[in-house]
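There are two complexes below, and they share subunit A, which is joined by subunit B in the first and by subunit C in the second.
Moving on, here comes the complex of A and B:
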């Protein structure tokens, strides 16, 4: 068992190395700032300006916090699209038949996305907070960076699970990637409180990533009690663990479907 | 009956009339060299033939590749987010803002993302060489294909309208249908012109995705697709009139407002003019860029 864990960790680390190298082949620091960050800040800003249009400073702050947070999970959701990249590299069948299975290598390869998300969200918080005079109480300064990490990681677990299915239909990867992000933006309390939606959608939001962590972030900004914030954080962790475990259970089984019907090669 | 073989003198005379020189003649076989004279009518016919051929090809490509339709599915979802915010704030009367965002971001993504990929992907698949050596300028093919791709983006308006009406029961009456139609058409042309320009410029880049990403946010922010330009930070506002989306967004919103819109002609002309400038630049750049790729021998290498 221990040996198995060590092996899995090694595969994960190697996968991360591939993902990391891939990431920096695509981006440089300059292009990351001039392209990725610019795009993310502009997109978030559009929503904050909607608050300004509505003429209510509270709505401005609500949308600012929500959109600065969601910038992280949106980046982490790239895990969904990147689940298919190995197909184009021709390395996917090799991973599927490797004794360690697909899930560890796929998880490692995609781990660069939540890392990107964490940094993105932090920077967007700083830029928009400064630009729109958001007050950062000490509690928020201390806790929000950590909560953002939890949110990005649970979104990553969720994306691994969805990515397992997307690997069966690679052409839909970007559609599902952005579709997921937009659903998170609508339902998890980024734009409107969850109570705005009908009960069943509210119930769905409880099992989605972001919901609980973002609630914790809002509490931190409102100087809420530490106990409540800790409860939100642990719920976010729980959601993340559930999705990550489901992905570990599902990814290899889903890949086995492709193995059976012979569709795991380049094509899709 | 034997086909009549022209005499050397007849052949030379007819070649001369067409602006060609006879390179070699063996019996009934003749090889010509040179650029044939062509009147503008036959050239127009040739171009339109290439245009429709490329358009037909794009219809088939898009139908066969669901990936091209990604943005038609994802962008209108943002209208739901926007209307949720507006309804929650008690301002469903501003729903046309969400609609203009849904429409312009869908048409924008179709053009600026899918459309701007066309030249680079031809190059990637090594089919660009074949297209470039044909006598018809490649930019004709680019225009046809990108016009088709962008026109799919018109669905964004219909989807946004259905979502807003269906999910939120917000009445969204079209008060000025002709203005809306004119805005859609001019926007489509401007989006096409701009995307052809991007397609040409991006094909030179190492990774066009980086540039596509860079366009994504700023254009929609400056274009005021969701929030009118006057709410932007003051230092950004002077840039907005140079983005055709800013004119389109205002006109779409005006089409859904009961008030009589003003200066329609001028505003529509602004969209057309910005699109035309982009199209002219695209014409100039595409030929130069292709020439450069040919000279460097990198036409088929990605």
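Moving on, here comes the complex of A and C:
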């Protein structure tokens, strides 16, 4: 068991090296700040300005917190699109037939996206918080960075699961990537309270990443009790574990579908 | 125990539109002994890659069975995967932004090669395929031949007992291809069992114990290169040169002549004999006609291939 874990960790680390190398092929620090970060900040700012137009400070804070948090999971959702990259590289069939299987290497290669999300969300919080006079009580300063990490990781687990399906239909990757992100933005209480939605959508939100963690972040800003915040964090962890476990179980089984229908092509 | 064993192996695909299923592989029965090199020779679309995919566990068969070192590829997939090394042709299947060394470290991890063993094995493999000097360069700057050599190193990184090589010399220059053949010989000496598909006739004759001819999903023949040549060359052939333009027509009229064709060089001809007994008579005729340049030979595997498969040009 221990050996298996060590082997899996090694595969994950090697996958992360591939993802990290790919990431810095797209971005330099300068281009990351000038394009990715700037776009994300502007995106969140539009919502905050809408709140200011409504003239309600509570609404401004609600939108600011929600949109600063969602910047992280939105970045983590790029895991979905990048699940196809091994198809493009022609490495997918070789991963499928390797003794380690697909899941650990795929998870490792995609892990750069939640890392990007965590840093993005922290920076957006700092910029918008400073720009719109968001009060950071000590509890929020201490707990929010950690909650953002949990939220990004649970969104990553969810994206890994969805990405397993996308690997079977690579042409749909961008559509599913943005569709998934939009679902999270709409349903998890980012800009619209969950109570706004019909009951069944509210119930769906409970099993999505972001919902519980974001509620915990709002409680931290509202000086909520540590017990309540811990409960939210625990629920977010639980959701993340469920999605991650599901993805680990599903990815190699989904590859088995390709083995059956002949879609695992040696040519890529 | 056999390294590779297939029994009535078949694979059908559903066509993109309506219509009958496409049979990519049909009743293939093949055996590769441990420590032997088996070559699979056939035109594009013959079923070579389909067979390789089934044996490497990337594809399920529709019927029949396949075993690697006694392990069924369908029911004992994990055991098969830990016993095979797969090399694909072309320049894909590598991480282009990583160096050759990092690519090999990646695949060593996926094959659960212990880290200490990786540290020893990877430099040795890079040396073996001639990439030591370029080991730390990104592979997207490699030539196609260099990528192919790295593919080979990747296939060997797990030190698997059975190697499945699908068109492994695509893109290699002649020198690299010759070195590759030496490497195959070395691997055979070290006890590896190898199933190799390629279009390179010279390679097949140089490095394999037997050749399986495959076309339209069916195995046509499995023989040693020498015996396969006898499929069409039970009779020798005679090449000669003559300034006498009427001589080929006169030769054609002799008994025991299957065909007389013109070779590439001017006034050089090839006689195909329909039976071996005609040889002394034909040689005597040529000498009496004043021909001084005469050569008897046997067909190469390439000619056997064309004879058995049929010269169909670019059709698949």
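Criterion: the second predicted complex is superposed on the first by the 265 of 268 C-alpha atoms of A that agree within 3 Å, B and C clash if a C-alpha of one lies under 4 Å from a C-alpha of the other, contacts with A are read in each partner's own complex, and residues count from 1 in each chain.
The rule we apply is simple: a residue touches a chain if its C-beta (ideal position, glycine included) is under 8 Å from a C-beta of that chain, and two chains touch if they have at least 3 such contacts.
What you see is a predicted model, and the numbers here were worked out from it, not measured in a lab.
By the document's definition of touching, neither partner reaches A:114: not subunit B, not subunit C. When the two complexes are overlaid, the chain among subunit B and subunit C that reaches more residues of subunit A is B.
With both structures placed on the common chain, the touch criterion links A:38 to subunit B but leaves subunit C unconnected. Shared-chain residue A:129: touches no atom of subunit B or subunit C. Of the two partner chains, subunit B is the only one touched by A:182; subunit C is not.
Residue contacts after overlaying the shared chain place A:240 against neither subunit B nor subunit C. After overlaying the two complexes on the shared chain, residue contacts for A:216 are found with neither subunit B nor subunit C. In the superposed model, A:63 makes contact with subunit B only, not with subunit C. When the two structures are aligned on the shared chain, A:27 is found in touch with subunit B, with no touch to subunit C.
Comparing which residues of subunit A touch subunit B with which touch subunit C, the overlap is empty.
The residues of subunit A lying in touch with subunit C in their complex are 7, 10-11, 13-15, 17-18, 21-22, 25, 89-91, 93-100, 105, 259-262, 264, 266-268. Chain contact summary for the complex, subunit B toward subunit A: residues 65-67, 69-70, 73-74, 77-78, 80-82, 84-89, 91, 94, 97, 207, 209-211, 213-214, 216-218, 220-221, 225-228, 231-233. Residues of subunit C touching subunit A in their complex: 11, 13-14, 49, 52-53, 56-60, 78, 81-82, 84, 86, 88, 90, 92-98, 102, 105-107, 109-112, 115, 154, 166. Residues of subunit A that touch subunit B in their complex: 26-27, 31, 34-36, 38-43, 45-47, 49-54, 56, 59, 63, 131, 171-172, 174-175, 178-179, 182-183, 185-186, 190-193, 196-197.
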